[in-house]
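First the structure, in the form of structure tokens, and then the observations on it.
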């Protein structure tokens, strides 16, 4: 119920325990789509796992160290987005996200990331936001590119995906660039 | 930033650490007004106290055991509202609230409580919501009375206020009554 | 072994781990009797559950926040009594209790509650003690009534019992009344 | 209030937070007497220290790992006694104690230790209880000797007392000897 | 990988999680040999148990309260040695150890204990180190005797071994004796 | 005392509490030198701060999540090195280090990092090790470059240094490259 409003169509809603079933259903009905680029999909086998995962997300929020929110498009849960953690010394964070198949191409993720950039730079006064995408994940990479992030490097073997490592493209946005 | 929208004018916003200054200012500029019915007002002497209090509120939220939210009226922080705790066995909670002087008489609290009743009964499937008010606090008592709560009793010496005990009126609303 | 002596016949004994079997036996041999008014009876299915429950009771005692004690009548464990929690700001607590069938009508519970009122008002300097009873539980309600508690209200649907809610009568005793 | 009754004159009472002042007074008015053989006396400088120490004692009790109790003689707090910790694998514990000056020579400590031996061997089914005394502390050594403990050794430099190490005599009592 | 070097043949290596398999193999292939004097051997039934035990050892090390290390002889894990806990007030600790069969008679344990005595007295500035051995365990008792420890007593029924208690010989070494 | 031996001159020693003074002295006598590239130098104002910092490092080691070690050159503490954290899913870590002025130019850090690469790839079976250096810190950058790391990107404003952000060069080494 606690949401960050993006626009008339989209809200980002903090996950609470009573969303466990709905969230599991989102993942379970998008397994093939999501596991191509997300390493944790196969490990999710029942809604009850979210009964212990969601409190760890809320604990992170409690410690001012990031959050996980559901993306609601016209009320339907269609994806997830959040800050992985926050480095308050260097005032930076990184954003992670995924979207159900069938909801791509509507600008949902671009608008959501945009809202989080405003939250990061204007509310939290952070200086830098990072996004990392699998080098072959062109749909995901389109988000930071469209929003004006700069690609800063390629982390070789940056992530393990079930049976192989893949490289990650690192994108960065700085407060001074966002404000312009 | 994470809010429960009440209507076009009012939002209930989960308190986060970066609201400490703003929240302290609200309390500090309403001391005389608030201390008449709230026992903790005198103990608040600096914004930094909220650096430890706000995480305990978020921990409560994390444990699915209630929350504390700021009431924003046209963007301005004008009060606080929340669930003290949630009894999941008997599916009940109680609501606490306060409002800055100068914002009374606009229906802000009635509308906020109404939104939380919807949240409690429709989202969380609770069966009962309770409100306790100082017996002499007619402005506070008007809220549950206006919304159709039933007065169920008077708890003698239910709360200590700086130098005296006072009695508390107990009001209850049940799911089956709210839905009608 | 650590007991609060009530009189020549009755002692209230803090539960320790080595009482697990004995306590389970008390509950198990009184299931039909106890489950009429206690919501947790069906969930107790083995003595080992008390290996985790008793430490939480002792933790409560450690935090100066109430306790759970066995009622020993001429040495035999015949019931349980305790303070649910203690509100040190408003200096109040509430008492819960149950008794094995076959031991009613001897004044065991009245004398035990009396001893806890002395403990609450004289040792701990509390100001108020509350007892809540199911509205239809006439044997339980007789205890506070006999001791001069005042009935202060009826909490509608105050507790869930397996398949239905029932109302709770709230009784209060204040220090100034007890001393007289 | 929770006590282990020794006899008509003596009770051993679990320390709770509200005993802090009384316990500090006992120590403070016996400093010269107690510091001769107890290493922690000089570190106690205010009653408030017991606000954090007593919960650690109760936590020990909660974990079934020993306890600390006040010795009440005709109602007055005159000393302390307890089990340091309990080794449940080898079913053994050790007893520590001290007595205010002016109360020696009445058999208070001998009777208290006797009661704890019954508690250890009969209630907790332990197999061995140990007492360690400073080798020059003849009053303390008289207790286990009077009760039939066997001296099993001398631990050289077993304890540090402010400015010097001293040797400790180790006494042991076994269940099979106590029962005879 | 983090080791305390004893000499050209022997290193004492802090156990880390990735040693679980190797350590289990050591115990499992020496069951008959080890269980004669060690009470925990029968309880070890799979390498995964060490996934929770090794962190408790490292936590002990973290708290400056002792450690557990593997004894590597020419690179092979042949035994274990450590400090059970450290009493910083009285600056003393005790050493425990065991060795695989087939590696006795090479002076491995004598040299390892010697290195730990240097660590205790020279690096940590302790005053006393204790070793306890089963009274009938002549191979184990030979270690402190060879190194000049003094036997200070016999703890009757000091340890439970599966189906019987046995007595423990207590040996002590003081800093002032070691330095000579 | 627990060390990872690099060669005849260099050992990496896990920091324990009793190294607090020595470590503070290292930092304090190299303030100007170290603060040019390390953000935490100004916050260190007394040896006692290490009494809480060193346990957090040991906790990290306990959780198999990295470590902090002192670099001893011919016995003298001349620097620090460690793994920041370990991502066991993707089997990667990053190395941080610093060296006292006066000890540069001897290959101390190159040899130390080399030893940690062996530890990471051969003992822990990691797949990737990362080093990040301030873009203007040519001495630090020379270490990964000399060892054959590949520069993979420049993280803009990657770290805050007292009064300004600076960019970080990211270097990566993969297991398959190290083994060749």
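First chain written, first letter: the chains are A, B, C, D, E and F, and each begins at residue 1.
Going forward, a contact is a pair of C-beta atoms (placed from the backbone, for glycine too) under 8 Å apart; a residue touches a chain by one contact, two chains touch by 3 or more.
If you're wondering where the values come from, they're calculated on a predicted model, not measured in any experiment.
Peer 1: Could you tell me which chains make contact with chain A and chain E both?
Peer 2: Common neighbours, chain A/chain E: F.
Peer 1: Could you let me know which interface, A-F or E-F, is made of more C-beta pairs in contact?
Peer 2: Answer to which pair has more contacts is A-F.
Peer 1: Where does the B-C interface recur among A-B, E-F or D-E, taking recurrence as more than half of the contact pairs being identical by residue number?
Peer 2: Answer for B-C: the repeating interface is D-E.
Peer 1: Would the interface of chain A with chain B count as same or different, where same needs over half of all numbers used to appear in both copies?
Peer 2: Homomeric contact, same residues on both sides for the most part.
Peer 1: Taking the mean of the CA coordinates per chain, how far is chain C from chain D in Å?
Peer 2: 32
Peer 1: Averaging only over C-alpha atoms, locate the centres of chain B and chain E and give their separation in whole Å.
Peer 2: Roughly 59 Å, centre to centre.
Peer 1: Can you list the residues of chain D that touch 2 or more other chains?
Peer 2: In chain D, nothing touches at least two other chains.
Peer 1: Touching residues of chain B toward chain C in the complex: what are they?
Peer 2: Interface residues on chain B, with respect to chain C: 39, 89-92, 127-128, 130, 150, 152-160, 165, 170, 172, 174.
Peer 1: State the interface residues of chain D toward chain C in the complex, per the touch definition above.
Peer 2: 1-5, 14, 16-18, 55, 58-59, 61-64, 67, 69, 119, 123-124
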